[in-house]
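Here come two complexes built around chain A, the first alongside chain B, the second alongside chain C.
On to the complex of A and B.
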């Protein structure tokens, strides 16, 4: 039985994106074996795709760490100190591409269920609505019941129905 | 992060279910075709490919790309006559806009089937992936309402592109926590457990600007988006 999924609210590192955007993923380490079949996809990735990736993402440092007969891992480290290990044994090259890209685009926040999909520091611009918003302020000093102020409709729906029924009855007679 | 990416503004508005990534529905505005790959299968080579194309486009006039179809003509068309009282109100709003101390603006934007009330520096999460790269600045096209302290502009249903510009930065693209989808029918030997992870995309609202109060003002949208 899995534990309770932690929940929380949106976080963003240091108001990232307000002025300029700083990529939060700083370092990716690829750990793999040079001979084991588990690491085949990882080795293909390194041979064929790694240089393209580093060229298009100069802000991310890539480290390679060969480890004999150990499972291949992608380790991503972020500016806030968060570190994520992703074990990718027997993953094909394309999937490793996808997961590396996924780790690059993250902000490094602890994974959690989001309780709100929006965060604002300025919840109201025009003031919080209340029942008297845009109403005539004279209502504040009026004494009720007041014959000049119509509180409810002069005729209720029940009254109207009864009246209609009465009219019909009179017609029948 | 290549500079070419940051310097051009991408535009996004509509649900991705109705996205037109390959077609040229917006004649003359679609600068090039984007490969119709599912975002989940996007690998970095696809996005780097975007970037190369975008950088070449910087030299041309069409220096933005569309992630969605543009607003239908009927969605921006408003043929009502203007009454003298309207002009007075417009002038009042105009003076309000020119006032430097007018304060913060807010906008209601239509985003992936949801309506969000946003103001600058807000963080939003979309329950979907987008093809824009992290750090890219995008324009939210479907603005339903804009307001300040003392005035509100209401679109029917959306405001013209020439009237208002809302821009955001993609700050994160990630996956949600694993959600179990468990189906069970008692006495029928049926149980099915599936695990799913949704895409999440974090946006930061950068600016809300009112460009012009005249919705018929035919401003060159290309020059607007070339930030």
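On to the complex of A and C.
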């Protein structure tokens, strides 16, 4: 079954954020070439943006690894052992900024098809529905067929006529 | 997921089928069958999903006393084809109803259910009885009753004599006035019945 994406349910690692928040991305390695045009954007990022990024995110370790004539790649490693390689040849600096930010915010879950887009640890306080939820308890002592189950008719022309006649008779008397 | 015995029973209760009663007395079978088909498929449940089969049972009583509007007893035609040549037959509603008083409701519910493999199972959960005589082993399962579609009008013979006498009149017929008695209707294979005999 090649190409089949595993499916699962949305969850957060160890209830992250319920008490304090721990950034799950711990290490980002930027691999690039010092002379090849592929890595132009990556070199720009390192020269202009990297120090700002490290200053604002002290929890993430940044490694730089120059390699001759190889494609530039961003490698992000997470607390649960998940590791993601993102190849960014010929990417401009702005896009690399966005991708690094994206990898920093990720939780490190294995990519999967989500079966549901919402999750709760407490599904229901009332309890799971069953056919007798919110039913009138008088049903316990009712015998069927029940003649009281009927549609109440709106006032008919006959009723209106009788009412009118009654009024007229009272007036005459 | 490992569940406690209590949770397991709650799960069974959620997907349990229950039995509804529907009184077809003076009800339009076509409008009623929309509602019946809805309940047979379980679409009234908040946990409804087309892949989970949680349709309920419906017990229809008094199917002999359904009401068709206008002239539909005569003009509504049920067609069928046996598949063989010259196998096409057409029957009027009143003929179908005379042969089997449960047939009109069954056919119209069948036509309203989606045409998939579940239809046979849904139809097996529909129990139709021509009058109020339901076998006790069926009736003991019933836990609720569906509201009818139409309000039932009061017939002339259901009014008391006093009510009829006191009904407001603009004028009285003269003593020698003869009301038109109406022509006795001749039905197939039956002698015409006089109105006075029918009432007694």
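Following the convention adopted for this analysis, the second predicted complex is superposed on the first by the 136 of 173 C-alpha atoms of A that agree within 3 Å, B and C clash if a C-alpha of one lies under 4 Å from a C-alpha of the other, contacts with A are read in each partner's own complex, and residues count from 1 in each chain.
We adopt the following convention: contacts are C-beta pairs under 8 Å (C-beta built on N, C-alpha and C of every residue); 3 or more make two chains touch, one makes a residue touch a chain.
All of these numbers come straight from a predicted model, not from anything done at the bench.
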Which of chain B and chain C A:90 touches, first, second, both or neither: neither
Which superposed partner A:105 touches (first chain B, second chain C, both, neither): first
Comparing the two partners chain B and chain C, which touches a greater set of residues in chain A: B
First, second, both or neither for A:153, with chain B first and chain C second: second
Which superposed partner A:162 touches (first chain B, second chain C, both, neither): second
Chain B versus chain C as contact partner of A:18, first or second or both or neither: first
Chain A-facing residues of chain C, complex: 10-11, 13-14, 16, 18, 21, 23, 45-47, 56, 61, 132, 139, 142-153, 167-168
Chain A residues within the chain B interface of the complex: 5, 10, 12, 15-18, 21, 23-24, 49, 52-53, 55-57, 59, 94, 97-98, 100-102, 104-107, 109, 111-114, 117-122, 125-126
In the complex with chain A, residue positions of chain B that touch it: 1-2, 6, 40-45, 47-48, 51, 103-106, 116, 118-119, 121-127, 133-135, 147-149, 152, 169, 171-177, 200, 202, 204, 206
List of chain A residues in touch with chain C within their complex: 127-132, 135, 139, 144-146, 149-154, 156, 161-162, 164-165, 168
